[in-house]
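What follows is a short report on a single structure.
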Amino acid sequence: MHYIINAQPMDVIADPRTSLLDMLRDNLGLMGTKKGCNQGACGACTVLVDGERINACLALAVQYEGREITTVEGLSGGSDALHPLQSAFIEHDGFQCGYCTPGQLCSAIGMLGKIERGVPSAVTADLSAETMALDHDELRERMSGNLCRCGAYNGIAEAITKVHAKVPA
Amino acid sequence: MNPFTYERAADGAAAIRLVSDNRQAKYLGGGTNLVDLMREQVERPKLLVDVTALSREIEAREDGSVLIGAGATNTAVAADRTVRERFPLLSRAILAGASGQIRNMATVAGNILQRTRCTYFYDEAARCNKREPGAGCDAIDGVNRIHAILGASPSCVATHPSDMCVALAALDAVVHVQGPGGDRTVKLVDLHRLPGGRPDIETVLDAQDLITGVELPALGFAWRATYRKVRDRASYAFALVSVAAMVDVQGGTIRDVRLALGGVAHKPWRAWKAEEALRGRLATRESFAQAAEAELADAAGLRDNAFKIELAKRCIVATLGDLIGETA
Amino acid sequence: MTSIQDAAQSLLKTAIGLVPARWLPGGSPDPLMQKHGLIGAPVSRLDGALKVRGKARFAAEVPMQGLTYAALLHSTVARGRIVALDISAAEAAPGVVFVMTYRNAPRMASPALMNTKPKAAGTSNLPVMQDAEIHWNGEPVAVLLADTQEQADHAVTLIRVTYETAPAITDFDAAKGSTRVPANILGEPPSIERGNAEATLVQAAFQVDCTYATPAHNHNAIELHAATLAWEGDKLILHDATQMVNNVAWTLSQIFGIKEEQVHVRSPYVGGGFGGKSLWNHQILAAAASRVSGRPVRIMLPREGVFRSVGGRTMTEQRVALGARSDGKLTALIHTGTAAMTPHNECPEQFSFPARHLYAAENIMIAQRVADMNIVANTFMRAPGESIGTFALECAMDELAEAMQIDPIELRRRNEPAKDPTSGNEFSSRHLTEAYGRGAEQFGWEKRSATPGARRDGEWLIGMGMATATYPYYRMPGGAARIRLTADGRATVSTAAHEMGMGTATVQTQHIAERLGLAMDQVVFEHGDTALPPGSMAGGSSQTASIAAAIIAAHDAFKAALLKLVGNDSPLAGLKPDAVEARDGGLCSSEEPDKHETYVSILRRAGREELVAEASAPPPLEAQEFSMHSYGAQFCEVRVSEITGEVRVSRFLGSFDCGRILNAKTAASQFRGGIIMGLGLALMEETHRDPRTGRIMNPSLAEYHVPVHMDVPKIDVIWTDIPDPHSPLGAHGIGEIGITGVGAAVANAVYNATGKRIRKLPISLDKLL
């Protein structure tokens, strides 16, 4: 099966039962994407497929053949520098154990894309609005698919807010 | 997970052929429910036929209706401009469910056909008539806080977990189905079954029937609509009770109303009795309360879920109150 | 303290020939105790870049050649025996390497229970897969190895097991009818009686007497329990997710009948522990299956497997009765109750500990019992005992304040003790009233209406509540540290400690740099490996102080060794270790700081490539001499829907008194993390067991609710930062204090909002309808 993973073309042989998550971890050794529940209930496995965030644990790898997949290892675009959100997570202490972190990062990047494209959330007051603002409630609602048991939610929210504020919409 | 073969269907007819030729085949949408159930050994298909690419368009028709392709993701539907303008209730309900990640994966048809979250259904060690007809139900006398209060049977007290379907039930949505014998439509409210003696049979569809789309009929006039969902945490949890409500009020009188409940029954629950009780009545708290009483008159609680009866009543009254305001 | 204890203690001191540690009376004070600089600074996590890149290697991520993947099969009955077992289909399935059941498992000794031996890590002392007996619903009955995880997961479902069931105790409500007194509660007596509390209670001017119930909880660290392991001959190499590498190594060596040195455990990064990552069946079974099959094994429990085979916090029913005079002084304090346990573990959930130390009641009665059940062994989970004990005690205090019509903080102030109310010891450091005052001021406590239900915003009723937080100071004996100085003037400090996100590595690097007078980038802190000097387990909020004590001891040895090298030409010539301190990459005279020589210079002149010094921490005598605890005041504002009973926490502030804070950034996160787990405890967390079968019915993160982003408001945390003069660095560990008192603060706020007292956790919406 062929994929573009972190901008690199890759060919993989895998069981149809293999999830995108297990393919990344076991077949390709990309261990950055984490398994926390294997049933779409924690978000630790979040990756970006064609720029949209999904739970890699619920995705059969075979179903995503040919797609562009970005994992935490690819966030900095291949450079040694960190993605601004990665730096902000360190600065604002947006993690403790670091296990949910790759999922939080990928999720936040996918989420910011949705904000940019004016996609509403459950707490958006006006569904007809053309543009979406990222206030504290919007951020928390949109990130609620990523559990953090250490409880770094405040730091994560600060980091995302800080990076979002720096990037003109 | 049992071994299986994966096929991508070229078109609807090919998909139906593949499934017809293999008794243990299933259609695959986003996989957010099916893959999980396969891992849990609840589902054991030998063949998965991927139908997500077949119909993803959201067609805004001139008559005010919208036809949503079965493979459109939940996110795509909720974010669609026409859906947001014409049927904001649907956007609201979808956005109240699951997480951003899951909504990006899950399809419309998959959402409709998702199976219950009853924890006994998921647990191979438990008896479950849904998994194994005739085995018995361990949920009825077990841990059943999330279970049904309406339309349940001695065989099954499971609920349908969808938020989207509750809105579709209120919107009189029509499901487009392609089968071996041709195309047909089924009203969403008629698609899911109550459990009766065969809770394993969850819809009126056959295994080969392929959902191709969902049609939202045009709304004749300006409805006020909203979706309220109550759950055990502030986000990312299934509904204990949810209410989709649409009202058309003129001069303080309820001209028309549509009401559906989630989290309370084996199917998205259209509150026909409450609607009947409200139509033509003055829009007052008293009317709402009487309607709620009428709808929940036959509700029955189990060991842990009796609170849902009162909760459902309160949610109906509050939701209608919010829509109509205190002035009436 | 009794005279017998006094005598025993002086004997102990004499026996080990100790000069008092720097933090004990008579000890020479630690110059770093008051020094600011790196210590306390809000330094970002040193492992941050690794973690945000996804490059920190967790236990299931270590590569090994020829790896097999394990899957466990769990029993579906609570008690009985296996009468038939068919593994033929599983063995024949593609990719299967080995199937192990009690019939072909190697003979293994039962794990030694944690706290019964210095390095024991066992969470239950039941034999592991040694016979046909079943002891709980979910006990592993088979382990299967295959070439891929998919193959293992499928094949394990093909095993057929038939059970003959035996009567089981699986309903706590029924089990409560037949209780026993545990031998001790973490070494403390299960009951204490001072005066006659029952008799005083009935005569008190004001009384409350309430029963509280708390459910089972699971830790649910996001990293699943996992291990990657292999045998090299008779040596076991184990990459584990654990909070206690040395204990796991020792206990496994006992189980397999080998020497401790033959088990090498590594666990540099752990994806959250909270008490759950100790030694459970999965590591033992994976090691056994690997030994028999000769193949390396990776085991990563599925989330359901964690619920089935790893215990959590147990259920309790607690009674708190308080009697007070009209001046608010407590005359009677009764805290009794029962915790569910098993006959095979020793974890009686010390819920009565807060009541032993918190308030100056004239008459005190404490009594804890346990009810044996056939369930997975319960274990320590973040502030075991204190988290739920403070729920009961601090709700009762709120009820008493309400009955007396006085402010809840004022009631607590009036009962602030001068000495520990049960032990009579002096407090080492207690500034709780300051924590109340500062917290109340910053939170705006004065805006709280004493009348419930007085504030609303539409359908939302708004209320405020507070509660006291408390957790003991512990320091574990046995930890050691090694300092290795190299010719380039850099230092590596090593101890088999743990980094599960607490910030251990960062904080201790700050400490070491300050202690050695080096910059942080000149220091490396090595941890999480039994090849290093034995560390301290990460439990009981003890690790920070335990490591600090080991490093201080190693540094004393380091200075002595270094001074032996200086010779007569050094400005340091002739100085004794106690007369020098570290500064600017070297040592200087404490009296005359200008007498200074760098490490580089000392080593160069001595012709040495390196200098290594290692020492063990002195035993934790301070905890015998003083009543040592951390404190705090938790303030909460909730909004409760009048319609649905939904509770939303809109504001939260924790004001803590935990000695000196070593890193303002990571400490704030740890406090918040504890508070957030406390919000889960208060509002949503519950492990549901079917009382008929003892089977956990919500073994998933979809149905076991933990707080999500949306549940968590901005949480303010402040602290007194007053060093405890009797702990190393003046610091206390702070991993658990954050969760204590939160349940009560939320419940008291809910009462203030609604007028409803919820005495059974969680405060789910159905209880407020």
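By letter and in written order, the chains are A, B and C; residue numbering begins at 1 in each of them.
In the analysis below, contacts are C-beta pairs under 8 Å (C-beta built on N, C-alpha and C of every residue); 3 or more make two chains touch, one makes a residue touch a chain.
If you're wondering where the values come from, they're calculated on a predicted model, not measured in any experiment.
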Going from chain A to chain B via touching chains takes a minimum number of steps equal to 1
Quick check: more C-beta contact pairs at A-C or at B-C? A-C
Farthest chain from chain B by C-alpha centroid distance is chain C
If you average the Cα atoms of chain A and of chain B to get two centres, how far apart are those centres in Å? 28
Length of the line joining the C-alpha centres of chain A and chain C, rounded to whole Å: 30
Go ahead and note the Å separation of the Cα centroids belonging to chain B and chain C. 43
Can you list every residue of chain A that touches 2 or more other chains, as numbers and ranges? 15, 17, 38-40, 140-141, 144-146
Hunt down the residues of chain B that sit against at least two other chains at once, touch-wise. 1, 3, 39, 234-236
Which positions in chain C touch two or more other chains at once? 150, 154, 700, 702, 707-710
Within their complex, chain C touches chain A through residues 44-45, 47-58, 60-61, 63, 148-151, 154, 219-224, 269-272, 274, 300, 302-303, 500-503, 665-666, 668-670, 672-677, 700-702, 706-710, 712, 714-715
In the complex, chain A touches chain C at residues 15, 17-18, 22, 25-26, 29-42, 44, 71-73, 76, 82, 86-87, 89-91, 93, 95-102, 105, 136-137, 139-141, 143-157
Which residues, counting only chain A, touch chain B once they are in their complex? 15-17, 19, 38-40, 43, 46, 52-55, 58-60, 62-63, 107, 110-111, 114, 117-122, 124, 127-128, 140-142, 144-146
Going by the contact rule at the top, pick out the chain B residues touching chain C in the complex. 1-3, 39, 41, 117, 119-120, 122-126, 138, 141-143, 145-146, 230, 232-238, 240, 307, 310-311, 314-315, 317-318
Interface with chain A, chain B side, in the complex: residues 1, 3-6, 28, 30-32, 35-36, 39, 48, 50, 52, 75, 78-79, 84-85, 88, 91-92, 95-96, 98-102, 104-105, 234-236
